[in-house]
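If you scroll down you'll find the structure; I have some questions about it.
So that you can tell them apart, the chains are marked A, B, C and D in the order they are listed, and the count of residues begins at 1 in each.
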Amino acid sequence: MRFSIETRLVYRFAAPCEVLLLVEPARTGRQRILSETWRTPRAGRLARFEDPATGQRRAFLDAEGDVEVVYSAEVETDPEPHDFGACPAQRVRDLPADVLEYLRPSRYCPSDRLERLARREFGGLDGGAKVAAILAWVGDHLTYEPGVSDSASTALDTLTDGAGVCRDYAHLMIALCRAADIPARCVSAYAWRLEPPDLHAVVEVWLAGRWWLADPTGLAPLDGLVRIAAGRDAADVAFMNIFGNAELLEQSFRVTRLESLAAVA
Amino acid sequence: MRFSIETRLVYRFAAPCEVLLLVEPARTGRQRILSETWRTPRAGRLARFEDPATGQRRAFLDAEGDVEVVYSAEVETDPEPHDFGACPAQRVRDLPADVLEYLRPSRYCPSDRLERLARREFGGLDGGAKVAAILAWVGDHLTYEPGVSDSASTALDTLTDGAGVCRDYAHLMIALCRAADIPARCVSAYAWRLEPPDLHAVVEVWLAGRWWLADPTGLAPLDGLVRIAAGRDAADVAFMNIFGNAELLEQSFRVTRLESLAAVA
Amino acid sequence: MRFSIETRLVYRFAAPCEVLLLVEPARTGRQRILSETWRTPRAGRLARFEDPATGQRRAFLDAEGDVEVVYSAEVETDPEPHDFGACPAQRVRDLPADVLEYLRPSRYCPSDRLERLARREFGGLDGGAKVAAILAWVGDHLTYEPGVSDSASTALDTLTDGAGVCRDYAHLMIALCRAADIPARCVSAYAWRLEPPDLHAVVEVWLAGRWWLADPTGLAPLDGLVRIAAGRDAADVAFMNIFGNAELLEQSFRVTRLESLAAVA
Amino acid sequence: MRFSIETRLVYRFAAPCEVLLLVEPARTGRQRILSETWRTPRAGRLARFEDPATGQRRAFLDAEGDVEVVYSAEVETDPEPHDFGACPAQRVRDLPADVLEYLRPSRYCPSDRLERLARREFGGLDGGAKVAAILAWVGDHLTYEPGVSDSASTALDTLTDGAGVCRDYAHLMIALCRAADIPARCVSAYAWRLEPPDLHAVVEVWLAGRWWLADPTGLAPLDGLVRIAAGRDAADVAFMNIFGNAELLEQSFRVTRLESLAAVA
């Protein structure tokens, strides 16, 4: 599929500071950047980096005063597999070294506190069946409702509240997977057909030697995701890290599918 | 320096389970393994891995029943630098990609909650001077006292309690460094002259293009450390991850310096 | 029913300090103290007080060194009603002034955080039916297991853990009742037939103009309780408040039913 | 002193619900209500109660739809003493029964977690000198800054943040006093000269047989307070408890001193 994406950020910086932007789609075997443009107040102040191992791309901005940045791109994606249901159980010793960290608790996914719950609810299951059960359980136990959680909310808060937004759904599913000895991580993405338009947070679990996508909110088609970054939880994949203080003035995220237009031509 | 180390673990496993052991010293440019031995109930059941990027080495054990494992080694180390005081301020954009994650909050180091404190106490400082101030502040504000914290204690708990053990000291220093925009991580190590003998947790901060050791407890000489692993916090460098349940029967960690013996010969 | 009770406490006090003991059964319309004795190192150092409004009785001790105190009594009780199931809904404005505080969150019962859960699970119910549903829900969701919780555990921790002891069961039920606009409080009591013998924590809810007993653990017969004190949560009804430091050496709580003996005579 | 006060509350209630209002000044030996008026949509729906023991007065409203209520009064007050500095140390056993609960942890004042800090900072002091030291310490360690805390913030959060509003200052001071064995409670009040005009939260400590006022924010003169209610923490003295859901449309609190006007006449 082909998508046109656009991120627009307008912030006020009272004092000069560095900003890390994680909004460019990753360059992966399944995702090609056809074209892209950055518009910033002064082009020379943007520094871009690409991580060769993961294809994740980040940009640094020296920001001061009122700053508007716009990133736009056209991206072509091949759908990523997400039918993990039949994956067999796996042994921890067979996990690659760089997957092990996704078994461990993180800031927003304190999986060490959920081991009892995971054992009680999913103790009899294994592999893909266990992940499918966790995915369904999270969907059953949570209500999508903005305003309940905030940037400090953890998977424990979400479990107590029974409500949250995509990031909270992802954190709870990730924490439960890790508590059940399944590596899991958080993926930030552009999401076609997500309403209202926004960046999306979904989950990846490691089974049968690869990562599989899952969206516990069920709010957007998995084939319509354009992946930005993966990390332990929302702390790792925030679209913006401000090393100083700033005030949000305006921001928007837009995804349009281009296939249908092409089909018309 | 040359050290002889020995770890002895005796645990009871009611049901078969996998155990990840992080007790072998890392193989680094400054640390050479002269010899080493594992004693386990059945040798064939131990699987060992080495991470080529970091030199960290881990072992997996299939455990069942009462299990005694003993790891012993002789290691030669070159002292690692820890006189970071004169390091200049650094920009976030100049940090290597694999250092960025050590700026972010983690399970036991919720640095996002300490930004106000970091700004108030250390806001006027930069680079090595800032880290030196944080190191001194942690030493001043904490009392070394076993029994106050437990495995769920975070840097916030330690800040409230004003007391803890090496892991708590490390977590608070790490969280404050990250809150002050200094990458910081947790290092597990054998520690010569630590009393009573135990594994030790210390801190590494990234300044001027490299990692520097710091021990906020001041309980053991930095030159007597034999490094095992580095990670975001204690969750990443636990010497033992049990994927199931177990009961501790006995354990001990021993470090002896060999130099003086050699000198006698 | 008639019961013989005995509390024996042996503690070591490194420095002189005051101790508040809440172990004497309350004197109420349904509970008569037939006889009682205190044994302390020096009798003159015990000061006893009775609250005329509630009949609760407390004792203060000046403690120093190794101290053994023994309180024993014979008590006659009339069973307290606990068949609240048919109680109708009630209006907040009809609650007595001194009942209102039991609608509010307390240290271990942060009911403000459970309002969403209460609404989702019990929103369609009222009065006694709602309390009965909460009682059953707590019993279904928790496993009685010592060692999971500690003295800092709140109802939120217990909800996450799905396990705890009598005090944790009580806190979760109390928090859910308050979140559902039902006044609820914590009662400490001697509990005949509780195994192993210990003080017990149960719940009282206010419905239809009076307090009703409930025991979410179901571990001891309600008619075998000898009430000591009621309060917002375990903080209010602790059997011992030490205003200083002490080390527990030994303690025991014993309840024997006397009726059967009398019947033999 | 004589004050004119006015509270105006405009809320939207999607469904009918009960509302508890704690906005009427208490009637005490030092505070006389000269006149007062309630304006509500339908006067008959307001039920008012006065607690004979404390003089605290509360009102219940059956609310539905958009509701505006206005309470206004003229009140005459005698200044309450607040020069507690010379009060001697006190023994717990000498505290009245109804003061003991103010030694215990509460929802927002988990004093049990601050005992180590209290001992370290104020361990060598007693009585009024200890309270004076706590008052100064809280003022030194906190910055008054709206927006840092929210309705779930506890004294521990405030200690970590080093910032908050009047309620947070009060909670931290109360928690520290209790941790130091000084009974302390939270008082809600109208506050003359508080800018911007709002209800105020201050502290009362029990020393030498009576309660003494203290304001850790120092934002308003103690002699200009018109007391509404006292309780364990903000949960007990909230000016509004909504037993259902509501949306705030507008609210204001006003205090004017009348003395000077009288002096002119």
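In the analysis below, a residue touches a chain if its C-beta (ideal position, glycine included) is under 8 Å from a C-beta of that chain, and two chains touch if they have at least 3 such contacts.
Keep in mind that what you see is a predicted model, and the values were worked out from it rather than measured.
Path length between subunit B and subunit C in the touching-chain graph (shortest route): 2.
Touch-path distance (fewest steps) from subunit A to subunit C is 1. The pairing of subunit A with subunit B is characterised as same-residue: of all residue numbers used at this interface, over half are used by both copies.
With centres taken as mean Cα positions, subunit D sits 47 Å from subunit B. Chain geometry summary: the mean Cα position of subunit C and that of subunit D are 30 Å apart.
The centroid of the Cα atoms in subunit A and the matching centroid in subunit D are 44 Å apart.
Shared contact sites, meaning residues of subunit D that touch two or more other chains, fall at 113. The list of touching chain pairs reads A-B, A-C, B-D, C-D. Across the complex, subunit D meets subunit B through its residues 113-114, 116-117, 120, 148, 156, 159-163.
Taken together, the subunit B residues at the contact with subunit A in this complex read 18, 20, 47, 49, 51, 58, 60, 91-93, 97, 100-101, 103-107, 110, 112-113, 151-152, 181, 231-232, 235-236, 241, 243.
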